[in-house]
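Worksheet: one structure, shown below.
In this document, chain identifiers A, B, C and D correspond to the written order of the chains, with residue numbering beginning at 1 in each.
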């Protein structure tokens, strides 16, 4: 046991993230009551030391009061879970939504629970499959007292101050940000910051991917390009006669460069495993936060061309611009008699 | 015969554009000597009243001096034609490049011809397959005297002042712009303006196509969208329950709206012919000028996000962002364990 | 009187648009009862033949039943006007919102009026200050019967079939789109199409403005550019040695070119009046529809990079990217010791 | 002395980067002959153990053969330095350009030196003011033998394998990328990769800055926004009622988050020093590589919307879109009678 102040947490949702949070908490001396629709997931964690629950009601019953219940669920099932919990909880209990809910839903849910004197805390959780070892970056919203009460749990889940060099210019001696978690503001503020975090992630990922793609295609002058009235010739093929190993480029950028980042670490790893990225077709999913970030930028009148371009690049990668393309080809056909070229 | 000052022109290149230029000129009383590698194209125009030539040399021989020779050729063969003509021409002759050459090549070619006292005029020609009837918008570069000498020819090719209402605020009484042709500046200036014209065209086309696509997809709430951890659900399907006839939208925009334009006319026509744009896959070609416009913007430090986005949208429509997409999916796989979804 | 079926319309809101709609309607034989908070505006139209009203109630009283009432109001006051009208109207009356309301409000308002059996019609109206002469392009949403009943009024307001050449490929003989108005679908569909129309307008305007700006700066090589470690030198100043008259370029593009459009007509007029665009600082407003178009694109998963870039370009023109810029300069200072250059 | 194979290097250009490279090399046991136009810079390094030179000729004379000469100069003076060195050097000497030259110049310079049997190595050097301690990421182009000969020097300058965790998926046991330097290919390949590196840097910086700006403006609902026909009202001010401390957000993102990166470290530092970023106006410079990256993307037909948006965002921050903005405002004035709002 390493934490000075062991606490008890109920975890609802034992997918990869939820299960690993439980493991990280127990490893540090906290105790957990766990529930999931999938009984195997519950049994697995029971084996690792957690207390199993067979329903939300069972979970509520097995937790000491005031309760701390963490939801780690797909966004689509959070609301019904909160609805059900409303009936089971008591004043001063805390419900934490650690998933990727839209921050506007947090505002509504905190209002829904307020009459019951149940606290609602929204917690954006970054770290992915690596969080068990590295810790998770936590962006938290809700009432100050509730967040304060959760401090020992949040501190355990977060990476801790030792996970990065201190910021040289930092003179503030208070605040938990250097420990890897931050109370960002009232309800929704945590998921708002996490939402934008993911928008930034989209932009950074796209910058890296575009750059490596430009390097990959530095051999354009070595390859034939069809030249006809429909295709611009490459004017100076000699300037594009490089065959550069992008996997090695990603690897070298990991050390000492300005673009050094966890994302570059990850792309270096992916390229080391498969230089041709076999098994990927290039159809890039998006899961909500990038879109919501764009909506926020537009509402706030803040120009966000880079983050938005990254979002649309993902849409386009999935063929969602097809009708736009057909219209463009049709216009070209109309004014220039251009036939569309075969793929 | 309607022109007051009939002239003689040699036309090299009898594709759709070249042939129609000859027809429009002859219709207005000018005479033409014509040459093309394709003897049938020459024969066709001979039948319509042009003087046929069997080679560049033959063409040069059949033209009175000083000669006016218009090249209407793919960009890739202009240089060798100019090279060959250099040997055949005499002082005061004029070579006009009416195709889509890069303006930097014009600068070089005018320098190449200068020692021979042969004038080089670059002429950006817009109008496409409709130019025979509507006339062509001409953007001209080169020495003032040479352009002035060509005035009767340019005036015939251009649409003429009657083709549009006078600009209300215009007080200038000189200048040929209201007639539909403009001497833009020294060598290359014509193709520079035409290049940017095409960049503008890319942007306008994209704006129209994106807009109609957004209208087309106003039915998003009526269709199932897979909802899982990888896909953001549509929050308010009721707001996207429209099935709007985009062909009729394009038609109504043709009258009285702010977006009224020839491009909207054309897209209305294309959609009237085939509401589903059958036969188009949405792979949009680009033929040089859009790219060069972007290069110029970057060189000049002028932000051109709209024109550039339109260019990249075409690249993406042809699958050229595939490696970028693979890198993005690979990064998502690394940090989140996300598998790429099937297409 | 030219219309075969004169009707009566109540107009609420006599700003430029509202007043001109009344004039266009009366000119064609319809009769109008008019109301505005500004009594002078009412008096002016009374002088031109309209029946004045001193309040909404007075207006309702002076209209024969079933009533047709057109609101031409700032978006911010439509709701309270609809609320007030709800008390004054009777079954089968029609309220038309001809302003720039958000289409989602239309859906709500039509539901608000439905229990009263009052019809709500949303009508996007394009044409600006020129509409009195040119007619207005109308994009209409609401119940089919209500829209049908308004046909004589809509037909008068719209530009009419003669305002543009028939679309060559059009074989449909029914439909009102060629007359310049279109019933797009149920409640909100009219403003949805108008919203996207304005998004397209943003994109087209930006394409034209960027292009003319690139042409304006074709003199970059003639002007000194500070060259230091912070500024990239222009590699080939000779290629940017043009001083091109952008006003004349806009004028020539009006005739026969692919970019020919009403917007090019307008920019030619603005440049003819003031080549330096004196009196403009370049801070470009946006008034809602562009933003809403982007929100729709994101919700629908339709990539709209061009329209969105145009919106952000407007934001940036008003200095709304300032904090972003400060962060960028601060980062440059951190890693490179770069001081920000003075403006 | 820590290197096993001490070498001798001549350094031309003792600015921050050049001087620190010399220090890092000497610290590891290499010896340096140094030259700069600024005698004080030479004297300073002499004091630290370097051999001073008073001219390029003096430097060439003081180096043992075959010589290794590193140029760390502004891009604008590299060519004349190479020209001068051509006369002073002997077969098998190596000239390294460690600055930010355009890779196309490298190709030309390597051809210029080839007849003298002098090798030319281009070396992109990333690391900024922190490189002395962290080491520099090196991207190298040129002939294999030359690069191989420089290995001990490059190894010292680079951060070394210990500067980052090994890439888990990496199975390759050869290659120098894990040591922080990479031979990317023939002449120009090093600067090509460094150029794109900087393009990626632009994109990543912009993503971070846009995101933090969106968070900063999450208070939009708390502030008045002028509402008139020219300005869209904020529909849901309650959703933008956060006052979030962006400095703390940057700090928390440093630990465990997906966006963790050196750039986030730096922005956290800048915000810790000055939360309001006082002293910055937000006019962001660009110094060539970002532009060249865009030119390469266009030439290669690779869509790069994110990197390009980042570049244009910098242009716009310096007011370079002003004429575009004026044209947009002028068009709005023409069709809508909209006056431009004061700043």
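The working rule: contacts are C-beta pairs under 8 Å (C-beta built on N, C-alpha and C of every residue); 3 or more make two chains touch, one makes a residue touch a chain.
From a predicted model like this one, the values you see are computed outputs, not experimental measurements.
When chain centres are defined as mean Cα coordinates, A lies farthest from chain B. Interface comparison, A-B versus B-C: the higher number of contacting C-beta pairs is recorded for B-C. Once the centre of each chain is set as its mean CA position, chain A and chain B turn out to be 44 Å apart. Distance from the chain B centre to the chain D centre is 38 Å, each centre being the mean of its Cα atoms. One inter-chain figure worth recording: chain B and chain C are separated by 29 Å, centre to centre, where each centre is the mean of the chain's CA atoms. Touching of two or more other chains is recorded for residues 128, 206, 208, 210, 212-213, 217, 235, 258, 262-263, 269-270, 291, 299, 301-305, 309, 312-313, 316, 318, 321, 324, 335 of chain D. Taken together, the chain A residues at the contact with chain C in this complex read 258, 291, 294-295, 298-299, 301-305, 308-309, 311-313, 315-316, 318, 320-321, 324, 335. Residues 103-104, 107, 126-128, 131, 134-139, 158-161, 163-165, 167-172, 175-182, 184-186, 188-189, 192-193, 196-204, 206-208, 210-215, 217-218, 220, 234-236, 238-245, 248-249, 251-265, 268-270, 272-273, 293, 296-297, 299-307, 309-310, 312-313 of chain A are the ones that touch chain D when the two sit in their complex. The part of chain D that touches chain C in the complex is made up of residues 16, 74-76, 102, 128-130, 205-206, 208-210, 212-213, 216-217, 227-233, 235, 262-263, 266-267, 269-271, 274, 277, 279-288, 291, 305, 309, 313-314, 316-319, 321-338, 340-341, 343.
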